[in-house]
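In what follows, structures are represented as structure tokens.
Both complexes below contain subunit A, partnered by subunit B and then by subunit C.
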Partner chain A sequence: MFNQPISRRESIKRIAGFSAAAAAWSWPSIAIPGQGASGRVVVVGGGFGGATAAKYLKRMAPELAVTLVEPNTRYITCPFTNLYLGGIRSFESLWHSYDELRQRYDVEVIHELATDVDVDGHTVELASGTRLAWDRLILSPGIDIRWNELDGYDEAAAEKAPHAWKPGDQSRLLRQQLAGMKQGGTFVLVAPDNPFRCPPGPYERVSMVAHYLKNHNPSAKVLLLDAKDGFSKQGLFMQGWAEHYGDMIEWVSRSNDGTVIRVDADRLEVETEFGMIHAADVLNVVPPQKAGFIADRAGVTDASGWVPVRPDTFASALVDDVYVIGDATQAAPMPKSGFIASTQGKVAARAIAAELTGRVLLPEPSWANTCYSLIAPEHGISIVGVYEVYNGQLREVPDSGGVSPMGADPLFRQLEAEYARGWYAAITQDVWGTPAS
Partner chain B sequence: MQNIRLIAMMFGLLAIGFTEPVWGWQRIPEIQAVLAGTEPRMAGVRLEVPAVTQDGSSVPVTVTVDAPMRADAYVEAIHLFATRNPSPELAEYTLHPLLGRASLSTRIRLDQSQAVVALARTSDGEWLGAVESVRVTVSGCLSRAGTYTSDNHMQVRVRVPDRLRTGQVGEVRTMIQHPMETGLREDASGRVIPANIIEELHVKWDDQPVLRARWHRAMAANPYLLFSIAPAQSGALSMRWTEDTGATAEYRAAIEVRP
Partner chain C sequence: MRKIGIFAFSIPVLASALFWWSSGPAHSDPQWVDSEVEVIAGDVSAEELFEARVEVIAMSCAACHGTDGRLRTAIPAIAGRPEALLNLQLQSFKQDRVPGATVMPRIARAYSEEELQGLAAYFAALDP
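The block that comes next holds the complex of A and B.
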């Protein structure tokens, strides 16, 4: 990937934007007289980012016409799919509907795939050929897999060696394979280099897989081949693995030849950088990723395959009137998590509502993220990050956030597992209006 | 209050826009020492680094010089610098035309967001260069234990092709287990951990030196190097890593070359 330094022209453009805001003394609400009248916003993608943005646009500015485009009639969350794999949560409990958005917030929800964006004409094209006009567009497209970037891993291979990194049939397939694995078999998970969706996800996944195996296939092994030398909440995970699963889980770091460079899905084998062949009975490949394809169609991605954004509003850094939120964005140090996607949805909604209505909306955005992970059903751990805009870039607020303590007692871990369930109930109620069960 | 913050942000943007990344690196003494008064042509070098990285402790870097590798015209040296590290030198590589291609991949440490500079000297004495900026963030969800194990200190991993066709360029991957202690880190009791690094990797094709890598403390732990080899006939590739203590590790592999 090639990195383009910020060009002079781009810098000047940015400074000009901020100067205009300074002159108005009402930043970030830049009133543009005459443009607020139509007030039409299209949101592409009904996940944590998009559904939140649609809902909060209507809450902040009910007079705006908001359309949400999402092919699925129900949304399945990525968070907690690992609990489904581990057999401690039903698949149906991860489903969420768009009824609240339609009925309570008067959002038009269209269940179609958005196939193209015309940024000059301000339209989105749907699979049926329908074109939707917008004054502001929000893209919350999530991730796409970079097929074949990992040699041998294409869509056909994923039917044999599932990624299960976008929930749905892939999650079910992996669950079936896990349940059907021979006694004493080896479950191999291939973890990618950064950046990827849900940094603690692969490690929670092997925890939940080990939980399932401990009860149903106790002589099985779990091999985690990693393209990295460290991972999120590493110390806590490794301590928890030893405590609950003994030596069932083996983590192979990049410097111990953990980087997989080739997948043979027919033979369920993988080859590492230095030539080791590992055979699997169940092979779960978490492949390299990029922003969802509609971001490319809109021209908002850069050479990295991800979307650069303006940190105060999540407006695209490249295309006017288009906002991008969630996993597709280059928002580090914010992680690619559902929680932060939802927060970004609120920030973008606020910026758009202010622009289109000319009103000043309070309060100022603030960002925080919590990632809970379960190591066992009653063993939860977490990491918290708090973020701000500093010198025009996102950063972690100094001396904020943190992770669960090492060596805490079982009650502490149990409480964090309870908080994890509470977090899921609260955020899905906020985003989709799903009643807490 | 908001106005003050806004003005501060504007100045911040000015600073980012105009001082990072491309200006000023020519004034770094270590770079001046290497260039010795010559002006590099900022062309012909492709420097691949991530625009944004979540882990400054191991940033992948690939340098490719768009120049021939023939006995009469080749790239004889590549230097890497990190402009805002505590010490800017990263690595110096001396190359031989038998490599077949002037392309190296490695991993470096970046202390903060900064520009990375690659300079290459051709056999006719010309300096070529490239500069790219990397933004280093530390993601909360990516915080890590940050400890190294020493049970396999200086263990070597190498991947060499068994056989090549005449004229084919083969790829060689190498890695040695080593913490690459910078001498800037403290242990749990607050004592500075002394510097301890792999200083050199020396590669020979039979008796001919083909690649010498000199590494500084900002190379990532477990030094990794991917390079190429294009031998004319069958022979053996041998490698020797040298630690700053004088300790060495060796590896040797034969490559069969067929028409």
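The block that comes next holds the complex of A and C.
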């Protein structure tokens, strides 16, 4: 059946996923693209993935009706939260609005929590009881925390030992605690095992904390207790820590008994695998995570708590007509980053535009990611990954990507710090339309 | 008729459908898709597919260069710049011939010369 010429519509159908063959076998649950689809797309979550998908859907197919469901009227980024902790960025500079999506792209934005998904009826239920109908659903709910997976770490504990891994009040709390820490005190960061949101995040965080302490509390210590034996951009981070902060930061790997198994938030103490107790003056716990709960409600998660997706489009591997992007997905070797969540949103939007309009062509996809981290205000490092589908799996394009070179000169590090700030301005413009300041 | 390797779910599609039919849609194993299909293009021309591929790659560029490559920060805007210049820069990044370059060589190496040429033409054609 591959030897006959196919029409444009056929190619789109095939690209969109088996529809041609499915029609021949009267597979019931697959919509035939461009036929009878009325073009309603609901996006749940207005973060990096969801806001991008909504905007790019309207850019590619303005005739689609796109509704974005997001409880918060402003989005606060996790990226650059660490700079805020380090005292080199204001909290307000992390805020973004949904004005561009509404006004320029005609996206309907509803500020509510989605509470349930009926995949057979193709509806989403909101906290108010409203039901929204969709032809295609995109979920980009980010992460939820697995409370109590780490013994003693529940929502009450997070008020004393913040995670600050979802933005907002938690970041403010941690900032206050850091600023109020006693002279010569110890800041303890507990880092989780993979997979988790933002692989370089804990290491950028201790860098920015050390930057703050160096200026305000130079006899303080930073202890990083890690459930892993290695981490993203490790060589570059460790070299930078030594260069800027001497021995202020101590990293304890899993093999050196870094894995924390219990948290006592009242006493600000943690216990490690082999029974060591560490006392903290400020305790920052980055806890184990899973996909946002709405993914569970839609039945798209598997036993891991994350969402398996078809690699080419990020359609759910389990449920038809539902696409999932961002941190909620299992997309290794892609990291859980805002950059890749946004890129995934663009490719998924393209796939949906192709399916629903029959006019947009979906070629071989490509996803890029660049994660910058600041070790000091003028010392930036980066990791690049460009991804493709090969034999039905995501992989990094061979001989591409990688991290900044070791031993680069200060100008190179300074340039990457400037580019990190440029990246933040660009991605927040691209996703939320925030004007560069 | 031209043979075009495009991206799609493959294997004989028929066999997959049968597999699906017999096993039901409970596939935790992502191996069930295979993306190396060869489709013979009818009214989808090679040019159209190539253009689509360039558009998809270009969407990634926006995350650092702004929507449509128009934002100017420490990272330069790329929309509306001369095609020959953009192409020279991209090919030079790919060949690692730009001293002091930071992320661009690592990115450009992921794409073919033709794709980079296509990106240069794409951004050159946009209003600055």
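Note that in this section the second predicted complex is superposed on the first by the 397 of 437 C-alpha atoms of A that agree within 3 Å, B and C clash if a C-alpha of one lies under 4 Å from a C-alpha of the other, contacts with A are read in each partner's own complex, and residues count from 1 in each chain.
In the analysis below, contacts are C-beta pairs under 8 Å (C-beta built on N, C-alpha and C of every residue); 3 or more make two chains touch, one makes a residue touch a chain.
Here the structure is a predicted model, which means the values were calculated and not measured.
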*First (subunit B), second (subunit C), both or neither: which does A:200 touch?*
first
*asked:* Just to be sure I read the superposition right, which of the two partners does A:242 touch: subunit B = first, subunit C = second, or both, or neither?
replied: neither
_Output check: A:127 vs subunit B and subunit C. Expected answer is one of first, second, both, neither. What do you get?_
neither
*After lining up the shared chain so the two structures overlap, which partner does A:335 touch, if you call subunit B first and subunit C second: first, second, both or neither?*
first
*Counting only touches as set out at the top, which of subunit B and subunit C does A:361 meet: first, second, both, neither?*
second
*Is A:390 touching the first partner subunit B, the second partner subunit C, both, or neither of them?*
both
*With the two complexes superposed on chain A, say which partner A:233 touches: subunit B (first), subunit C (second), both, or neither.*
first
_Contacts for A:436 in the overlay, against subunit B (first) and subunit C (second): which applies, first, second, both or neither?_
second
_Which superposed partner A:277 touches (first subunit B, second subunit C, both, neither)_ = neither
*Which subunit A residues lie in the overlap of the subunit B contact set and the subunit C contact set?*
1-6, 8, 10-11, 14-15, 18, 21-22, 25, 27, 302, 384, 389-393, 401
*Under the touch definition given earlier, write down the residues of subunit B that touch subunit A in their complex.*
2-3, 6-7, 9-10, 12-18, 20-22, 46, 48-55, 57-58, 132-135, 137-146, 152, 157-159, 173, 175, 177, 221-222
_subunit B partner contacts - residues on subunit A that touch it in the complex_ = 1-6, 8, 10-12, 14-15, 18-19, 21-22, 25, 27, 194-195, 199-200, 228-235, 238, 255-257, 273-275, 302-304, 330, 332-335, 337, 369, 371, 383-385, 389-396, 401, 403
*Touching subunit C in the complex: which residues of subunit A?*
1-8, 10-11, 14-15, 17-18, 20-22, 24-25, 27, 29, 56, 302, 308, 310-312, 317-318, 320, 339, 342-343, 346-347, 350, 360-368, 370, 382, 384, 386, 388-393, 397, 399-402, 404, 411-412, 415-416, 418-419, 421-423, 425-427, 429-430, 436
_Complex contacts: residues of subunit C adjacent to subunit A_ = 1, 6-9, 12-14, 16-18, 20-21, 25-28, 30-44, 48-50, 52-53, 56-57, 59-67, 71-75, 100, 102-103, 106-107, 109-111
